[in-house]
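As written, the chains take the letters A, B, C, D and E, and residue 1 is the first residue of each chain.
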Amino acid sequence: MAKYFVIIILLILLFLIFWNLQKNTAPRNRLDLLSSRYIDQGPREVGSANLVTAVVVAYRGFDTLGEVIVLFLAATGVGFLMQKRQKAYPKSNPASEILRTGSDVLLPVIILTGTYIFLHGHLTPGGGFQGGVVIASGFLLQFLARPESRIKVRKLHFIESISGFFYVLSGLAGLILAGGFLDSRFLPLGKWGELISAGAIPLIYSFIGLKVGSELVGILNNLKGD
Amino acid sequence: MREMAFLGFALVLLGFWAMLTRKNILRIIIGFTIIDSGIHLIIVNLGYLPGRTAPILEKGMRVGDLSKHFVDPIPSALVLTAIVIGLAVTALMLVYAVRIYERKRTLNIDKYRELKW
Amino acid sequence: MVEPIYLFIILPVAAFLMGSLHQHLNRWQVFIFFTVLLFSFYLPIPWLIHLLKGGSTAQVFTAGFLPPISINLQIGIEEAFLMTIINLLGIMGAFYLLHHFRGTVYGPILYLVFIMGLNGIIMTRDLFNLFVFMEITSISLYSLITLSGSSENLTAGFKYIIASGIASILFLIGTIYLYYLTGTLNIDVMIASGYKIVGPAGSIALIMLLSAIIVELKQFPVNGWALDIYTASDPGIAAIIAGGSSSAMFFAAYKLLPLWSPSLSSIIAGIGIMTYVLMNLMGLKQVKANRLLGYSSIAQIGLLVGLSALLLHSTPVTGLTTIWIILGGLLINHLLAKAGLFWISGLIKGESLSSWSVLRKYPSLLFIFACLLMALAGLPPFPGFWVKWNIAMQLAQHKQFLWLGFIMLGTLLEAVYFFRWFGLIMKSELTTGIRVRISSLLPIFTGTFLMFFISLTMMNLLSGFNFNMLLPILIATLIFALKLIPGKLKALMTIFIIMFYFYFLLPELSGLYRLFAIIFFPLSALFMIAAMNKPGYRNGYFELLILIVLSLGNLLTSHTSLQFFYSWEVITVATYLIILRGVKRFDTALLYLVFSLAGALMILAGFSYSYAVTGSTFLGILGSSNSQITIYILLVGGFLIKTGAVGVHIWLPGAYAETEDDFSPIISAILSKTGILGLLLVLLLMGKSFAANTELNTILGWIGVLTAFLGALFAIFQEDLKYMLAYSSMGQVGYIVLALALYSHLGWTAALYLAFNHIFFKGILFLAAAGIIQRLGTRKMYEMGGLINRMPLSFLAVLISIIALSGVPPLSGFGSKWLLYNALLEKEWYLQAALAFFASTVAFLYCFRLIHSIFLGQEKTRFRQVKEASLWFLIPQYVLIALIMLISLFPNIIIEPIAQVMADFIPATLSWEGNTLMSSLGYWNGNVIMIITMGVFMIPLIGLLLRVRSMQKVKQFNIVYAAERPDKPETTHVAHNFFPHYQKALGFLVTPLVSKFWAAVSEWCHTIAGVLRNIYTGNGQTYALHIVFMVVLIYILAGV
Amino acid sequence: MLKNQENQPQKLANAGLPEHEKYLFCDARPRIRHPFKGFWEKFLNWARANSIWMLAYGTGCGAIELRPLMTARYDVFRYGIAPRPTPRQSSVIIIGGYCSVKTLKRIIRSYEQMQNPKFVLALGSCTINGGMYWDSYNTINRIDAYIPVDIYIAGCMPRPEAIIAGFKKLKQLIKSGKAEGANLYAENFDWYKANQKKIIKDWNMPDYNW
Amino acid sequence: MLQETVTIIAYAFISLLVITIYGLTLNGLVMKIVARVHGRFGPPLWQPFIDIIKNNAKRTMIYHGTMFFLGPVFRIAGGIGTYLFIPAIHGSEVFANFSFSGDLLLVMYFFFFGQLGMALGAGESGHPYSAIAVSRGLAQMTAFEVPFALSVISLAIQYQTLSITGIVSAQQGGILHWTVFTNPLATVAALIALLGMNMHSPFDIVLAPQEIPIGPPTEFHSAYLGLLQTNRAIFNLAKLVLFMNLYFGGATNILILIIKTFSIYMLSVIVGVSFPRFRTEQSIRFFLGIPTILGILAVIFQKL
């Protein structure tokens, strides 16, 4: 009981700290210089309609590289950890007919949606990560519906590493052809609002989407445990 | 909307409560994800300015005056990264849970104390 | 020069490709792995060279925009340096782990990404990007930790994830609020707009950020998980965590230093240094090797953090280069040494400290191990030493004496558990359990070699290259390399080398130093003749002797306090090792080392204080007028420990007695004089107006005379021959201290005369003891007896030396007593004189006991066949006897030069009339006394000799025994508990209060450590709670 | 009067001692020490007579008479007679009355440890013929079969006056050079030893106690 | 030079001879006095001489070894040496002895010379009592040297010299110049120490004939004992002469010397006949108690 008491006290204190933190931040009425600049210059410089994407892929592209690597690490780590498993779980019961049929029907739609999301990352909300996750969710559905189904792991890995490779390569292209590493402007910016615009952003987001999708599928596959 | 931050903090504290008091590591992992959600909420909230819209240009918007209409895009960008990282960590935690359960046949964190002092 | 950005291209690409193509790559995989690592190692080197040549710090921009719009990287001299060593560590670690990586592709991938993450942490200048890279390293570690797949691995890793997860949460909160306040994520811009980080919000944001970094730096108390990680993970991984990850995280903290407000800065300093002290304290209780290394790692990082906060923030930075050498040196020292130790631990099968005793079978590994320990303990000739020195100097200069004290305490504690461990390894049962692989050995050796190299560089940078300082180590190493030379030849070589060095050294020295050179060189060479006696190779013994003696020479030639301190520490370490070689149990050697190091730290503190006051390390000036008392106390205290003054003497008997028999004369006769040299130098260099008049001299004098008295009193109750001699040494050195404290011409003459005399007779006594023990195989005096018939030459030697010791005329001992009492009375130290006189009469008791128990009385049956001691023991003894006789007959040949030397410093009060020595009070003609004594001795002797024809030589049992016959020699020989009445009357004075006190100190340290480490319950939730607690605590401390 | 001992073996066998203890004891034979001739010997004998140190060893009941001898009433110190605690320094041993076998052993040892010239004063009837204990299994009836006695003082017990008279007689003997018991003992050593060993069964000491 | 040396040596012999005869007579006298206290006549005055002759007249001797043989030699060398380093009669050339070669410190340390040698000889005899007695003797010695040393230090402060001749000359010119009057505390402390040095009851723990038959000399006899007895006379007197010089104004002729030394000795004798024996630890405690405090007071008073 004493332990709970201590925890409660500490959490109350922590909350007071948070309270203090939030209470003492003055509300913002206008954007700071940096974000204003992103908003004001972003469309022109990067050509992306979605300014968040502009920040994510272009201005803070290096972060995104890290992000991709983190996901890659998670996938590798899961593989690494699951590789050493001692034994598999007993097989679960087969899923219901409804689920199986439903997933069969939905899977293409989901993949299509995912692809749409990462292809239109520079125009609409969404992007490579979101798209990749949507794709992976389709496979999750498939795993639930058909626990016994096998994924072609080597192909998955191939997609993953090739897309990762090309992502970095496009970053290198930015370094060589444009202003710096991960500069998306080595392709023409085009007219904003169109699908083929915003330099290499759609391309990069596609690679990311593929990579994220395949990685998450890999993780799910590993967690499924066979 | 600023009060949303307190919701975020409340989530953080809720997550902490789960993390500090629940013995089942799956619940601890859930606590962790709750904290993560809270943090994401806080981050996004800090980028929000009242009466403004998401920083996505639509046809008809005047370039040059956008900074008065849009919320801050940077927190949104950051939160994306944070979510991905949180996801990665959660995935690993879950794998750990699986492996630990295999080894120890228990999910009680109190039983994982072969290393101490 | 390759753009650093390529690191972030090549490494991920390699990782991505290896992930899917490994089936196609096969053997190329390893090749790619190492090529990429080599590339990462190569990349910063040209930068480092460029920057060292004065090139300017380079920025790397990404995304084609300038910062703060985009993320930028920076490679300055710090980054290039750290990347070089971390990537080098990466290669070595990879090489070490190669074995583990066989059969898995995930391992190398994770490893590559981990190394990339470290480089990212170092180079990035964006706060959020820093977070991303921190997560990259953490996540890759989460997986790498489970390399060996044990359940401990997993639970430890889970705790790590919890702690690190909370840390990232705190980091995110801090980051986002800082962004909110400053409108930027670029660290440089953020620092520049630091004025915006105000109010409670700013402070709390900083606190959050700081807390996250403290967790990642594994500082107390939020480091329970880290200990588990070090314990559980594969040593190869632990090595890169301790070396790489911690260093990179430290650099991250270093980058953010300018952000903190002064109050936060002092909190960081406090946390860092407390971590250093407390971790080292808790290390005392540790019995698992890897966990101990973990404690030490955390402690070292704590020191780094604390020092960086102290030196770079809270006080204005003055000499950046020196601070750089401190931080860089500490970092690299820690990195290489700790990685090396973890790597070695991977070779050992057991996990307890004592299971490392298997290293004894691999001398080269043992050697490396010792080197690494010494490096961590800050002993020469490793980088740690130079760092320790400069820490002291810098902190003193910044007037951070409290912190300096804490750091010294931590250093001492660290040395305690490290060298206790080393002793355990050397002395515990030999275990079998080691797996030696070339791939594992290579990084270990490379690392150690590198450390030597770096130490050399640091020496060059800090004190200028001094060949003399290196010479002892070089020669010792050279001899060590000649492994197969027989011991006797080595002894001969040693003597030659020492005399050769003396020959070259002597012209450089003058006056006082020349006298000490005579003590240190020819006399120790003389004692070394005894070493010819032992068979076998005796690896290590002669090398260490050379190291000691040659360093003694360097002590005399040093011009700066750094040189002095360097040689001092070399002597301490070498003596420790040589003692450890000889003793049966390691605690005696440990006690020696701990006290010596404590003394050395006091000396260091004294020197640093002097440096703080005068700004110079030149030995000629020790402090200016307003600081002398502190310096005097520190230095004198330090040197007193070396002399074994009462209160800090408990190391002495064991060290003198338990060590090898032919080393005992050297340590007790020669090495005890180093403390005397130190005291003399302090008194000389403190400035006459102060040192001659300070009341502290009186205290010093009392300490000296009490040491003399209690040493003698302890000696009389010893049953063990060598312990008795050891305590006797303690007492005799006490007289010397007393004489030095007089600060008068007569006193100092007496001191040096006493010193010489002490060397002569104590040398004889220990050598004779060595000879006896060699023949008898026991050290208990009551087991001996009646040896006069078996060992007449040894008897004669002991007889003459105890006469010289006790000060009975006509031998040289009386001269020393005469000089001492005259000096004492001249100075009006009357009560001290009386106590000294009492002490000198007490000395009779043990003198008689010594000679009676061993040589007189009843001969024991089992020792009837023993032979005279070995000739190699007798030769030096008789040379010394000749010297005693010479100075007894002609005291002037030694007193005159001493008095002349001393007259350079203090006006002489001693004069001669012919052979008569005159002081202001009395007079003494040693020559005539000798002749008269001989005369009055010869007359009755001749008378008695006339009767010799009527005499019957009888045997040992032909004694009157109350009309009975004795039963056994053992029961007839009165030797055990020889002074029971003295025990009854004055025994209360020898209650081992001091030992009890120090034992209690040790006990308390262990108890506190035991209680403190209870916070590491092993439960991940508790560790999480610690973090929350720390956040709250920092919040309260920071006073927002 | 005194015979030469040339044909006797120089070393004693010490047969009573176990082998491993033999080295602990001197095995030399006692030798005859010839007195000086003429005035010098007379002078020395005068000194010996006037400084008689008796071994303070009460071998029997007669020792009771020695206390009054030394105290104020009889005060033998007057005659240069003084007690001495160690046989090495004493010149006379007083056999104080009846002598048991056990005591005889100690007497022999003490006697042998005294330095030449040494004298024996036998006190009381028991030392002459066993006295009232003549038929005891354990009493020596005739002491001079074991050590050479200089003076017998008869009586049971002899009074201190008798003892003083005995001392006076001893002095006369010494002065006249007739008290050569030590040489007698050395001369007839084998005979004495044989007698001693005959009666002392547990002979566990060297043949001559130096 | 040669003539001077010969003269000095001849003078030393004369001085020694006189002092030996006086010493032995003094011993006889003391025996006589003790006997009188007991109500006896006691031995004749010359008894010590006869004893020495008799001991030397013993025809046989044994020896245990070299040190046993040398022990008495050391002892008497110590006694003679001690005496010869003390100027016996102030102003007399014959009795100045070899006092030019050293000061009071020399004498104090030369005390130990004979004791050490004797202890060694006794040790080699292998007799347990000898060893026990030596252990007692050394232990007691350390104790009584403390008040004596303090007293000497007090004198050194008082007279600012350690030369015995100097101390004696400073006391000339009237009875009130004697140390005993100018520095009574030091004198008392030293005289109590003297009781210990002389080893009369209650401090005769070394010889203790009833416990450990006469201690160190248990095995010594014949000529050895002769030497020891001679030494006893000389050494005893050396101490007395030293005390006379230090505390009682010294002597200007042989008669004063005899009177003063006799009187000082009487102190020991009277105390000796009046008290039973201490145990060793009692003796040690005694000397480290009141006498030491007196000595310290003497030093402090002189320093003030």
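The definition used in the following text is that a contact is a pair of C-beta atoms (placed from the backbone, for glycine too) under 8 Å apart; a residue touches a chain by one contact, two chains touch by 3 or more.
What you are looking at is a predicted structure, and each value in this text was computed from that prediction instead of being measured.
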Shared touch partners for chain A + chain B come out as C
Per the touch rule, with chain C out of the picture the rest is A, B | D, E
Most heavily contacting pair of chains is C-E
Centre-most chain by CA centroid is C
Top of the farthest list for chain D, CA-centroid basis, is A
Taking each chain's centre as the mean of its CA atoms, the one lying farthest from the centre of chain E is chain A
In whole angstrom, the CA-centroid distance of chain A from chain E equals 107
Cα centroid separation, chain D vs chain E, in Å, comes to 36
Whole-angstrom distance, CA centroid of chain C to CA centroid of chain D, is 73
So, in whole Å, the Cα centroid of chain B is separated from that of chain C by 50
Multi-partner residues in chain A (2 or more other chains touched) are 7, 11, 14, 22, 25, 28, 32, 34-35, 38, 60, 63, 66-67, 70, 73-74, 77, 81, 84
The positions of chain D in contact with two or more other chains are 33, 86, 88, 210
Check: chain B positions touching at least 2 other chains come out as 12, 16, 20-21, 46, 74, 81, 85, 88-89, 92, 96, 99
Chain pairs satisfying touch are A-B, A-C, B-C, C-D, C-E, D-E
Listed in rising order, chain C residues that touch chain A in their complex are 5, 8-9, 12-13, 15-21, 23, 60-65, 68-71, 104, 106-107, 109-110, 113, 116, 120, 124, 126, 128-129, 132-133, 135-136, 139-140, 142-143, 146, 149, 173, 177, 180-181, 183-184, 199-201, 204-205, 207-208, 1025, 1028-1029, 1031-1032, 1035, 1040
Within the complex, chain C is touched by chain D residues 20-21, 23-26, 28, 33, 57, 86-88, 106-107, 109-110, 113, 204-205, 209-210
Chain B contacts chain C in the complex at 12, 16, 19-21, 25, 28, 32, 35-36, 39, 42-43, 46, 74-75, 78, 81-82, 85, 88-89, 92-93, 96-97, 99-100, 103-104, 109-110, 112-117
Within the complex, chain B is touched by chain C residues 128, 132, 135, 139, 142-143, 146, 151-152, 154-159, 161-162, 165-166, 168-169, 172-173, 175-177, 179-180, 185, 224, 227-228, 231-232, 285-286, 291, 1013-1014, 1016-1021, 1024-1025, 1028
Given the complex, residues on chain C that touch chain E span 786, 788-789, 792, 799, 803, 806-809, 814, 817-818, 821-822, 825, 828, 830-831, 833-834, 837-838, 841-842, 844-845, 847-849, 851-852, 856-858, 916, 921-925, 928-929, 932-933, 936-937, 939-941, 943-944, 947, 950-954, 956-961, 972-975, 978-979, 981-982, 984-986
